[in-house]
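Okay, so chain A shows up in both of these, paired with chain B first and chain C after.
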Partner chain A sequence: MLTSSPFLAGCAGIQSALDPAGVEADAVAALFWVMVAGAAVIWLAVMGVLYYATRRDRVVHSETFAGRVILWAGAILPTLILTALLAYGLSMMPRLRPWDARAAEDAPLRIEVVGEQFWWRVTYHRDGMEPVVSANEIRMPVGERVTFTLRSADVIHAFWIPSLGGKMDMIPGRENTLTLEATKAGIYRGPCAEFCGSSHALMALAAVVMETGAFDEWLARQAEPSPGVGENEAGRAAFLANGCGACHAVAGTEANGTIGPDLSHLGSRVTLGAGIVENSKAGIGRFIAETDHVKPGVRMPAYRALPDEEIDAIAGWLKGLE
Partner chain B sequence: MRLIPREVESLWTLFTAPVIWAGHFLAAYIGAAVFCAKQDLLPFGFGGVRAYIAAITLLALAGIVLAGFLAWRQWGFGAEDPPHQGWSREDRRRFQGFATLLLCALSLVAVVFTAMPAIFIAECNP
Partner chain C sequence: MIRVNWKHLAIGLAILPFAAVFVAWIGFFNVGASTGHWKITEWFLHFAMRSAVRTYSLAVDAPETLPREGVQAAAGHYARGCAVCHGAPGERRSAAVREMLPQPPDLQEVLAGDKWNDAELFRIVKHGVRFTGMPAWPTQNRDDEVWAMVAFLRNLPGMDAGTYRDLAYGHDRRPDPTGFHDDFDAALADCARCHGEDGMGRGEAVPILSGQRVDYLFAALEAYAADTRASGVMQLAASETDPRLYRRLAEHYAEMPRTGTDRDDADAALAARGREIARRGIPERDVPACVTCHDRPDRNPVFPSLDGQKRYYLEEQLRLFAEDKRGGTPFRELMAKVAKGLEEADIEALAAYFSGRSDTRR
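What follows is the complex of A and B.
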């Protein structure tokens, strides 16, 4: 138990394909276990033959017999097994990939995710609603098929939430489509799965699967400015005076930049800085002052020249944007 | 006119089946790629691509089976067991026939594997 536990630790948790919480991830996990079971049977059979061939009082077989063994066990049987596995894998593809682009376009919930160095721009397109902009987190209702439109603004990134489904690249100049259906509510994690630069390993997103009613309430709140906008006057003034609004948008203020992540409801996100910092007032302050240390290579400059009180005020205001 | 080609003594017959495999692979993948890129201009749907792949697959398999038969004949229909490593011209001929037969079997499986996606996939990926 003690020796195997470090290996089993990867079999569960918020970022494991072996602990599926979605229809697609279930299929991927089933494929994996079929492969493992098949490989175990073949390994045992090969080891059995090895034992048979090397034991001390072995029988010498005729060359004809040996030739037959090689033909059947070495060529025909492996071909049949590979054919079956290929058929099984291929038969899953239409379910794991949306082949009908028009059906994907008409989905009642479409989430557009754009990979950027080193964060995710997220836009929700819900039937009968204006698009809602967010960043670094996706929320989706449980039991509903959601279409993802995946793009990139700079280099190749890859979108992968192992608990929910397979991986899909985000390629500059291309629009890739993925659909996912979550079966269990919870918070999962999706890392950027294609090397995209110095902070590639610091680019992740939280995927929050909610009950349908809760999701729609949440989305309706996201469509409106946060009530926190009016509080903490000094923080808001410092945010605007230091030009943060040139890159970041906060609904309900004059900040409408689109270069960096939308911060309209930053306070209620699960993580900060695309999955790398705890979302707290201290975390926000640290991100503002030490951006280059927290996330090397990111476009936002570090604002360590700002007085501590001002950083503190900005962080307090941003944390209040729920 | 002969129905079955006369036996030729050339190294080139060794490559018949792999060449058919390569041609089939390119024809299948390039055909599907061209269809998906130009599907709005074409008068038929993805069913046409599947029928095309089925046709070239049958053609390729027939070619490989024929090449396999010729190789079997060159091998002397298995009258002697491999490895045919003597110094005689007859050994050289049988060795090449047997090697060609094995390549035919490999190519046959490869052509079937190449065509299998067309059974399951019925649309272009958007």
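What follows is the complex of A and C.
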């Protein structure tokens, strides 16, 4: 145990299917351990037979006996085991992916996630509320089944939060539905799990599981402009004067672009740039000035021509949008 | 008798490069121009040059009709860069030029026949000719300018002095368009040859400068001089002007009124489509709304005004941006990204819209 613990350390943490924090992830982890145990038993049995077959003082068996061993151990037993595993695996499917996709529309909380090179467009559809737009982060209440509708705007991406559940592709021109139920509050991480271009490895999202009350309060705040909009006047002016609003929306200002991520509450997100930069004033400034270095192949042009003080002002204003 | 075998041949070949360098080092070969070429050398050099131009011009895609929009700017550039060697209507070349080896041809004479076709002229103007002193076009990114020059050259034979002076100088006086300008009035007079004394630009390819933002004009001049914006015509013009005059020149034109742009000729449906793109962008192709950057009175002062700008000029700039050939101010990357999402029809629509807009939101 002591010697293996350094290796097992990689199995815990915010992005591990072996450290489940959701109903689906629990089932996936249970399936994994059952299969590991079963594989261990089968491996030991095969090794035993191998030893038996190669020992020095061999007993010669009849051809009929050998035929029976091959039939049972080589065909019938594997078929039974695989059938059982298939049945168990299929029985988990309806929970992860509803049979009736239309039912997803009526789910009390539906989160629409669109994969784009190289970020995530997120829209919350909560019963009795106008849709709330965000990006690069999903928040969900603990203990409530949440429906995800997954789409892509360009190439194939894949949505996977290992701590919460299984993985599903986001395919252009198709809408895939996935449901997840978190069991433990916390912050998890979901990488894009299908190669999507030069910055595929730099495309991740933070998944924040909150207590139900806290989540609804948070969502209600997201539906309103951030109080930070009115602060840092110089930063807001520079943001608008340099055309940032052509691609980004910030609620409460005239910036209403839809090409890039919505920045209305950027300051309170866990990470920046789809999970790759620390969300601080300095991090925002770096992303504005060196976008193409931070994220090769990114669609946003780098604003390195802007004077430092303007970048600083914009970063300060954006960080204040909580 | 020595039998030549492969060994002797190999030794001979190995020695050959050293022998060649040795002969050149001795310096007996006469590079003086006083005696001219031998007849056979001259014939061979011409033969090789003509053949090379003919062969390389096969890859040139010549338009059926040469574009007329840039002919005036080409004439202005011809006066600065070409006339000194090739002559111009009413302007005889100096005796010194006529003593050069090889002697640059008098283009009015040479082009009167059908010695070169359009593609061959394009090839020569764009790439120049090695060993003759004929330089390449200052940038390899502006085929539109080169075609305009070819169009001008086609008109050159038979052009009278008055017509040429009007095209190249804008009036019937002959200023000196060559040389370095460190005097404001001389520099301004040089700008005015193409941009007009009113800053409205002569010809469709020359942009309107009057009423343009001063920071944009200044940044554009700096970009031309620093080789970050491509234009054979303007790069030469900017580098022949004292950089200390850029700010004053920019202020001069920025302060001029943009006089009435009567461009109701624009197709109304096309302009309406352009208006739609300008206001909403094309989000599915990552094209943001133009007005977010180009309309705000409090915008970054380097973002230019587009209202009433020449339609052909706008189209050409958008095409250049889309092909990553334009360059520009330090903010050029923004437009390069945007223009890649535009299709030819969008470019035409946008140019129709902005050229037809009155100058109200500078």
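As a working rule, the second predicted complex is superposed on the first by the 316 of 322 C-alpha atoms of A that agree within 3 Å, B and C clash if a C-alpha of one lies under 4 Å from a C-alpha of the other, contacts with A are read in each partner's own complex, and residues count from 1 in each chain.
Operating definition for what follows: contacts are C-beta pairs under 8 Å (C-beta built on N, C-alpha and C of every residue); 3 or more make two chains touch, one makes a residue touch a chain.
Not measured: the values here are computed from a predicted model.
Asks: Just to be sure I read the superposition right, which of the two partners does A:Thr258 touch: chain B = first, chain C = second, or both, or neither?
Replies: A:Thr258 sits against chain C, while chain B stays out of touch.
Asks: A:Ser91 contacts which: chain B (first), chain C (second), both, neither?
Replies: Only chain B; A:Ser91 stays clear of chain C.
Asks: Based on the superposed arrangement, let me know which partner A:Asp57 touches: chain B (first), chain C (second), both, or neither?
Replies: Neither chain B nor chain C is touched by A:Asp57.
Asks: Give the label of whichever partner, chain B or chain C, reaches more residues of chain A.
Replies: Of chain B and chain C, B contacts more residues of chain A.
Asks: For A:Arg299, is the partner it touches chain B (first), chain C (second), both, or none of the two (neither)?
Replies: So A:Arg299 only meets chain C here.
Asks: Does chain B (first) or chain C (second) touch A:Ala75, or do both, or does neither?
Replies: So A:Ala75 only meets chain B here.
Asks: Contacts for A:Asp127 in the overlay, against chain B (first) and chain C (second): which applies, first, second, both or neither?
Replies: Neither chain B nor chain C is touched by A:Asp127.
Asks: Classify the contacts of A:Ala246 with the two partner chains as first (chain B alone), second (chain C alone), both, or neither.
Replies: second
Asks: So in the complex, the part of chain A that touches chain B is made up of which residues?
Replies: So the residues of chain A in touch with chain B come to 63-64, 67, 75, 79, 82-83, 86-87, 90-91, 93-94, 97-101, 104, 177.
Asks: Chain A touches which residues of chain C in the complex?
Replies: Contact set of chain C toward chain A: 281, 283, 286-289, 292-293, 296, 298-300, 303, 329-331, 333-334, 336-337.
Asks: Please output the residues of chain B touching chain A within their complex, sorted ascending.
Replies: For chain B paired with chain A, touching residues are 81, 105, 109, 112-113, 116-117, 119-126.
Asks: Tell me, which parts of chain A touch chain C in their complex?
Replies: 237, 240-243, 245-247, 257-259, 299, 301-302, 304-305
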